[in-house]
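The letters A, B, C, D and E name the chains in turn, as written, and every chain counts its residues from 1.
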Amino acid sequence: MGDLLQFTLTGVTIGSIYAIVALGFVTIYSVTKVINLAQGEFVMLGGLTMYSLTSAGVPYLLGFVITIIVVSILGWIMEYLLIRRAKGADPISLIILTIGTAIFIRGIASVVWGKDQLRVAPFTENTPVNIANATITPQAIWVVVIMLLVVFLLYILIDKTMVGKAFQASSVNPLAARLMGISPKRMSSLSFTLSAALGALAGLAIAPIMFPSYDMGTMLGIKGFSAAILGGLGSAPGAVIGGLLIGLLESLGAGYISSGMKDAITFSAILLILLIRPSGILGEKSVGKGGL
Amino acid sequence: MLQVDSITKRFGGVVANSEVSFTVEEGQIVGLIGPNGAGKSTMFNMISSVFPPTTGTITFQGTRIEKLPAYQVAPLGISRTFQNLQVFKNMTVIENVMVGQHMQTKTNLFGMASLLLGITRKERKVYDQAMSYLAFFGLQDIFDQKASSLSLGKLRLLEFARAFATEPKLLLLDEIAAGLNHKETQEMSALINKVRDTGVTVLVVEHDMDLVMSICDKLVVLDQGVKIAEGTPKEIQENEAVITAYLGADIDEEEVEEEAI
Amino acid sequence: MKLQGVQQTKWMGVLVFALAILVFPFIVTQSFYLTQATFAGIYAIIAIGLGLLMGYAGQISLGQAAFYGIGAYTTSVLTATMGWSPWVSLPIALLFPGLLAFIMGYTMSRLSGYYLAMATLALGIIVHTLLVEWRGVTKGASGFFGIPQLNLFGYTINQGIPYYYLVWFFVIIVLILSLNIVHSRVGRALRSIHDSEIASSSMGVNTSKYKMQIFILSAMFAGLAGWLFAHMSYSISPAAFTFDASILFLAMVVLGGSGSVWGALIGTLLIRMVGIVVHMLGEKFPFITSDFEHVIYGLILMLVVIFLPRGLFPTVADWFDALLTKRSSKKSMLKLAAKR
Amino acid sequence: MRKLLLPLLLAMMTALFLAACSESVEKEEAGKAGGSAGSGEVSEYKIGAIYSKTGPNSPLGEPEWNATKLIEEKINSEGGINGVPLKIILADDESSQEKATQEANRLINDEKVLVLLGSSGSGESLAIKGIALQQQVPMISAAASTHIVEPVEDAKWVFKTPQSDRHAVERVYMYLNEQGISKIGTIIDSNAFGSSGLEQMEALADEYKIEIVAKESYNTQDPDMSAQLTKINGAKAEAIVVWGTNPGPAVVAKNTRDLGIDLPIIGSHGIANQNFITLAEAAAEGVVIPTGKLLFPSQISGDDVQFDAISSFYKAYTDKYSSEPTNFGSYGYDNIMLVIDALKNGATDREAIREHLENNITNWIGTTGVFNFSDKDHNGLTADSLVMAVVKDGKWMLLEK
Amino acid sequence: MNGDKLMEVIDLSVSYGPIQALKGVSLAINKGEIVALLGANGAGKTTLLQTISGLLKPTGGSIIYQGVNIAGMEAEKVVEKHLVHVPEHRQVFSTMTVLDNLYLGAYHHRKKSKMKNIEKNIGKVFDLFPILKDRKNQLGGTMSGGQQQMLAIARGVMAEPELLLLDEPSLGLAPLIAKDVLELVRNLRAEFGTTVLLIEQNVTASLKVADRGYVISHGEIVKSGSSKELLNDPEVKEAYLGHTVN
C-alpha cells in the first residue's frame, strides 16, 4: 500500500512536469495549429539559463524572473523569424521546421553550456516530507504546485481576459477574428512567447530535480507532445490529464511491471488509447462548418 | 436512374438539407438550382459521397450509395467536377485525364514496381485514349502543359474532361461555368449537350441562369434546404415560390409564420 | 517508348547515375570516402522509401528507424544465433518490417495528421525499448555482435569496394522500383492524392489502400537497409535505431524534396557531404566539433522549409527547366512545327 | 529537360566530392612515402587512435585523447622509438558506431596504420573489432565490455586494457562479501554500459553467493527514479548497486536518500569522477565504487608496483591539461604504451605487434593494472587491479580494506 | 445623395488567381445612408465587401474612407476605424459562448473604452435581440442558423460601427425574423446614425429598407439608382432569374 502511494506520488510529480510541457504545446497549437517540437528546448533553456544566472551570483528570485523573460523573448524570436515565414506550409513541413529549430537550439546550447549535467539549487530547503510511508521532496511539491498554478493562470487568461478570448477566436475562426480587429499574427507571436515562458517555468521547476543538460529537451519534448496528443490536441485540461496519465503509467509500469519496459508500456498504452479515441481523450470533436 | 429520397443533413445546429427528394431520369440534363445557401452543394456532395446524409437514402441504378466511400461510388458510374476547382495542379493536362481513367486498368503497387521495362502497351493505350478525350474537349493542343499554368476556362474544361474520362453514366457538374465569360459559358453549354448526346446523364448545379434555362430538361429548386419546386425551365421561371425565393416577397404584406430553421 | 507530357522514368538519368556509381571507387580511392558512400547508400534506401511515404502518400513517419532496426536485428538473429544463410534471411528481414507496417497501418487507419505522427513516434520508441530490453534475443543495449559477413559465390563481401558495390546495387534496384511506381498508373494516382484527395477518390482511387501499400513498401525498404547494415558491421546496437536516426532520415528527405524519388537520394548524399565538410573543417579548425554538424543540420531544415518548401531537387529542377525552356523554346517550336 | 539536369547535378556533386578528397589524397601520398606498413627503412611509425572526443562518451574519450597526445609528444621529444618518430593519427568517432566504422576504414586503408587504438565505448569498439578482424590489424580497445575480447578465438587481433565490467563486478562482489551483504537490488542505465554491467552481475552472482532480488533500470534522461528504488527497497535488498554514468547514479543517490532509504549504495567505475559528487551533493556521501587507482594518485602507497607509473603519468597529465586524467586517461595511456613496448622490441609490422602483445606482455606494469596477456586472455587483468573508493566530505577516498 | 461622402470606392479590381472577380467597380456611400448591393450569386458582391474590409487585397483602385485610402489595409486595422464587416455565413466563434462572441465584437476598443461601456453595449444588444440574452452561455455553434445570424450582427454592433457592411444578414432566416433583421438595420441608423452597405438576397425587402441600390453583375456595376427605380426595373429580375426562356 505504501508502495502504491509512493508510485503515485512519483507518477504525479513526473506527470506534472510532462503536463506543463504539454500545456506549452497546447498554447501554441490552439492558436496557430502548429505543433512546436522545440518545446522541450524551451524547458532546457529555462534550466540552463537559471544555472548560468545563479552561478553568476544573481539572486534566486531575480534569476527566476530573468530566466522566464529571456526564454520568452527567444520564443518570440522563433515565431517572428521562422514560423511566421513558413505560414501556410503543410503540417509535415511545420513539424520538420520545429524539429530543425530544436536541433539547432540544442546544438547551440551544447556549445554554450557544454555537455555536462549541471546542478541548480532547489527553490526551498529540500528535506523530504513523509506521508504515510511514502515520501515526497518539497521541490516535487513545488512542481505540482507550479503545474496547478499554470493551469489556473491559463484558465484565467483564456477564459477571463480579452486576450484569452482573442486567442480562442483566432483559433476557432481566424477570418472572423480579423474582422473583430484581432491580428492572428500578433496572437501567434503571443502564443509562442507565452509557451516559451511556460517552458522556462517547467525548466526552472525541474532543474533542481533532474540535472539539466543541453540534451534534456528531446525526452521532455517527446513526452510533452505525447501528453498533448493523448489528452487531445488543443485541450488544456486534456494536456494535464495526458501528462499525469503518462507520469502515472511510467511510475506504475516501472513499479509493478518492469522499469526497463516502462517506455514500451507507456507508449503502447498511448497507442491503445488512440485506437479507441483517435483524437485523444478530450480531443476536439469537429463542430462542423457552423453553417453553410 | 438516380433517386434521392427524403435526405436531411445537419451540421452542428444548422440544417443544410431537410427532407429533400427528387429523381434524375436516364439521358436527361437536370439542373439543381436555388439562391445562395439553399443547400445545393451539400446535396451534391452527398450524391458524390463526399460525406453521408444525416438521414435519408440515395439510390443509383438500384444500389444504395449514401454510405459508400467516394472511391466505391465512382466505379458505379458517377463522376463529378468541383466548384472550387480540384484539378491536380502539379500534373500535366494529359496526366490529369489519365488519373480519370484510373479505373479502366488494374495493376497494383507491387506489380507496377516490378515492371522493369518501363511503359507497357497498356499505358500506351491509356495514353491514346486520354488524347482522344482531350480532343473531345478541345484541349489536345495543351496536353503537356502543367495544370497550374492554365487559365480558368481551360481548368474548367480539364475538370470536365477528367470527370468524363472515368466513363460515367451520371456526371455531376458543380458550377462548371462559374467565373467564365459569356462566350466561354456558351461553349460550355454546347459541350454539356454534346456529352449528353454520348449517352451520359448530367446533373448540374449552376448559378448562371442563362445556361441552366437553355440546356436543362428539368430543374429542381432548393431554398433554405427545402425543395420548393420541380419542373421544366419555363415552369420554374413562372413559379411564384421560385420568384419569391430569388427576389424575395414583400414581407410586409405576406405574414409567414413558419419557423424555417 | 516516349509518351510526351507524362512523367516517365528517365532511363538515361538512371544509366548515367549507375555509371557514376560504377566509376566512383576508381576516382575516389580512399577508404574513408568509400565507407561514407556505402553508408550513404544504406541511408538512401531508407530515404527513398520515406520520400515515397511523405511525398506520395502525404504521411509523416517519426519512427522509420524502427523498421530499419527490425530489418537489421531480424537478420542478425537469424544468421548469428540460428545459423541461417544471410541470403535466406533477406526475405524475412523485408517481411517483418512490412508486416509490422501492415499491422500498424491497419490498426491506426483512423488516425491522421499529428495523431498519426504520434503513433509512428510511439512505434519507434516501443521498438527501440524492445531492442534494449529483450536481452535474450537482441543481447541488449551493448549490442548484437558476431554477425556473419555476406558470401557470394565463395567470395566474402568485405567492407570497402565489394560492399560499396553491393549496397549501391540495391540502391539502384530500389531507385528503379520507386521510379516505376511513381511513373505508373498507381504513381499518378498517388500524386493526385497529394494535390486533391477528394478529387482523386471521386476518380475511383482508393486512397487509403495506396497509402497503406506505400507505408508497407517504405518499411520494407528500411528493412532492406537494416539487412545491409547488419551484414556490413560485425556488431549492431540499438543506439543506431533511435528517434534521432528517424529525424535524420526525415532531414534527408526534406532537404532533397519529398515529392521526388531523386530528391530523397540527393538529399541523402547532401546530408552526408555536410558531415564530411564539417569533419574536414574540424581537422583544420579544432573548435569546429561534431556539435556544429547538428547546428548545421538544424539550420538546413529550417532554411529549406522556409525558402525551398518543396526541397532542393524539385526547385533546382524547375529553375533548370525554366532556363532551358527559355533558351530552347524557339528550337522546340520549330521542331513541333516540323512534326506536324 | 530533366534528363540534362541530372548528369549536371551529378557532375557538380562529383566535383564537390573530388574537391573534398583532394586534401586527403595528399595525405595519403605522404603516408605511402612513409611506407610504415611495410618492412625495411621506415621514416615513422603510424598509429591510429579512435576515441570519442565528442558525443555522449566524451567524458571517456577526452582524457584518452589527451593522454595519447601527451605520450606522442613525449616520445617524439625524446627522439622517437629507436630513432624513428611516432605518428599518431587521432580520430573522433563522436560516440557513434557509424563514424567509428568510417574512421577505422580510413586509418587502416588510407593511413595504413600499424595498430588501431580505441574506441572509448563498447558499441564503437565492437564495430571496429569487425574491421580489425577482417583487415588483420591489431587493435587495443579502451572500452569495458568483455565481448570485445571474448571469446578469445574470435578476437585474435583484439586486445583491451580497461578492466572488464566483469572485473568491476567481481570487485564489487568481493566487497559485498567482505561486508556480509548477500541480497542486492540493481538499478542500471538502460544503455550499453548499464546493461553489460547487469549481464556480468547476473553471470557472477552464483559464484559469489549474491542474490539479486530486484533488477531495475532507467533511461539516462529520466527525471526521477523513486518508483524503481521503492521497488528495490520493497524487495528487501541489503544494498543498492547502481550501474551507469552521470547523471543517473546521482539521481539515484538523491532519490534514495530523499525516500529515506538508508541502504548502502554501490556504484560502478562509471562515476569515478568529481561531477558525480557535484551533482548528488550530500547524497553522494558514503557511495562506494570500484575504480582504478588513478582516481586518487596521492593516496596510493609508495610500495605499490604501479606507484611510479601512476604518479608520473598523473603529474605529466595535470601539468599539461588543467583537468584530471581520470581512469579513462589511464586506458589511453596504457593503450599507447603497450604499442610502444612492442615497437621498442622490434615488432614493427602488424603481425609482429600482435604476436608481441599476445606472447610478451607479462607482468607489464601500466597505470590501470599489471597486465598478463596470453592466447587465452586478451585483457590480462584481474579484479585486484581495482580498488574500492568511497565519497567522504565531498571527495573520493580510497577505501582501506 | 447630398450628405457627406463617408466612403468612395474608385475603380476597384480584385482577382483570385486566374479569376478576375471585380473589374473596376466604383460606388459611393454617404453618411447615414443605407445602400443595397444587388446581384446574382457569383457576381462579386461578397468579394467587394471583403475587399473593403481588408480581407482581400485589391489588384487596383482605391477605397477612400473618411478621407483616407484604406485599400490594401489589414482587416484588423480597418475595423479600428469603426468600419465593421459582418461576413456571409455568420462566422460566429462556434466553440465559444454567445457572451464571449459579443465581447470579442468589442475587442478593438478594449483599451479605449472601459469595460463598463462594453457592458452597456451588451445590454443594448440584448434589448435588440432578446433571444441572445436567454442563450448567453450557450456555445455559438450549437444554435440554430437564425440565432447564429443574429449573434453575428449583434457582434458587429458591439464594435460600434460607423459603416456597417452586412453580407446577406437574412440568409437562412425565417421570413418574419428576416423582416426584423432588416428593420433593425433602420433602427441602427435611427439610433446610432450607422451607415449600412447591405447585400441581401431578398431584393424586394432590402430595397424597401435601403435608400439606394447598386446592381452588380460579372464583377461590374451594371445599374444604380434609388430603391424605387430599381424595384420596378425588369432587368433586376432578369439578373437573378436569367433571360426568359422562349
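Assume contacts are C-beta pairs under 8 Å (C-beta built on N, C-alpha and C of every residue); 3 or more make two chains touch, one makes a residue touch a chain.
Fair warning: this is a prediction, and the values are worked out from it, not measured in the lab.
Chains that count as touching both chain A and chain D, per the definition above, are C.
Steps from chain B to chain E, minimised over paths through touching chains, total 1.
Using the average of C-alpha coordinates as each chain's centre, D ends up farthest from chain B.
Chain centres here are Cα means. That of chain B falls 72 Å from that of chain D. As a whole-number value, the distance joining the C-alpha centres of chain C and chain E reads 54 Å. For this pair, chain A with chain B, the centres built from the Cα atoms lie 47 Å apart.
Remark: chain B and chain C have CA centroids separated by 41 Å (rounded to whole angstrom). Listed for chain A are residues 218, 260, 263, 287-292, each touching two or more other chains.
Of all residues in chain E, those that touch two or more other chains are 89, 94, 141, 145, 148, 172.
Multi-chain contact residues of chain C (touching two or more other chains) are listed as 132-133, 291. Every residue of chain E that touches chain B in the complex is listed here, in rising order: 17-19, 21, 40-42, 89, 94, 141-146, 148, 168, 171-176, 178-179, 200-206, 208, 218, 236-237, 240-245.
Residue ranges of chain A in contact with chain C, taken from their complex: 35, 82, 85-86, 89, 91-97, 99-108, 110-111, 218, 222, 225-226, 229, 233, 258, 260-261, 263-264, 267-268, 270-271, 274-275, 278-280. On the chain C side of its complex with chain A, the touching residues are 54, 58, 60, 62, 107-108, 110-115, 117-119, 121-123, 125-126, 129-130, 132-133, 243-244, 247, 250-251, 254, 258, 291-292, 294-302, 305-306, 309.
Against chain B, the residues of chain C that register as touching in their complex are 1, 3-9, 11, 176-178, 180-181, 184-189, 191-192, 194-196, 198-207, 210, 213-214, 217, 259.
Against chain D, in their complex, chain C makes its touches with residues 10, 12-13, 16-17, 20, 24, 27-28, 30-36, 39, 132-133, 135, 140-143, 145-147, 149, 158-160, 232-237, 239-240, 262, 266, 269, 273, 276-277, 280, 282, 289-291, 316-317, 320-321, 324-325.
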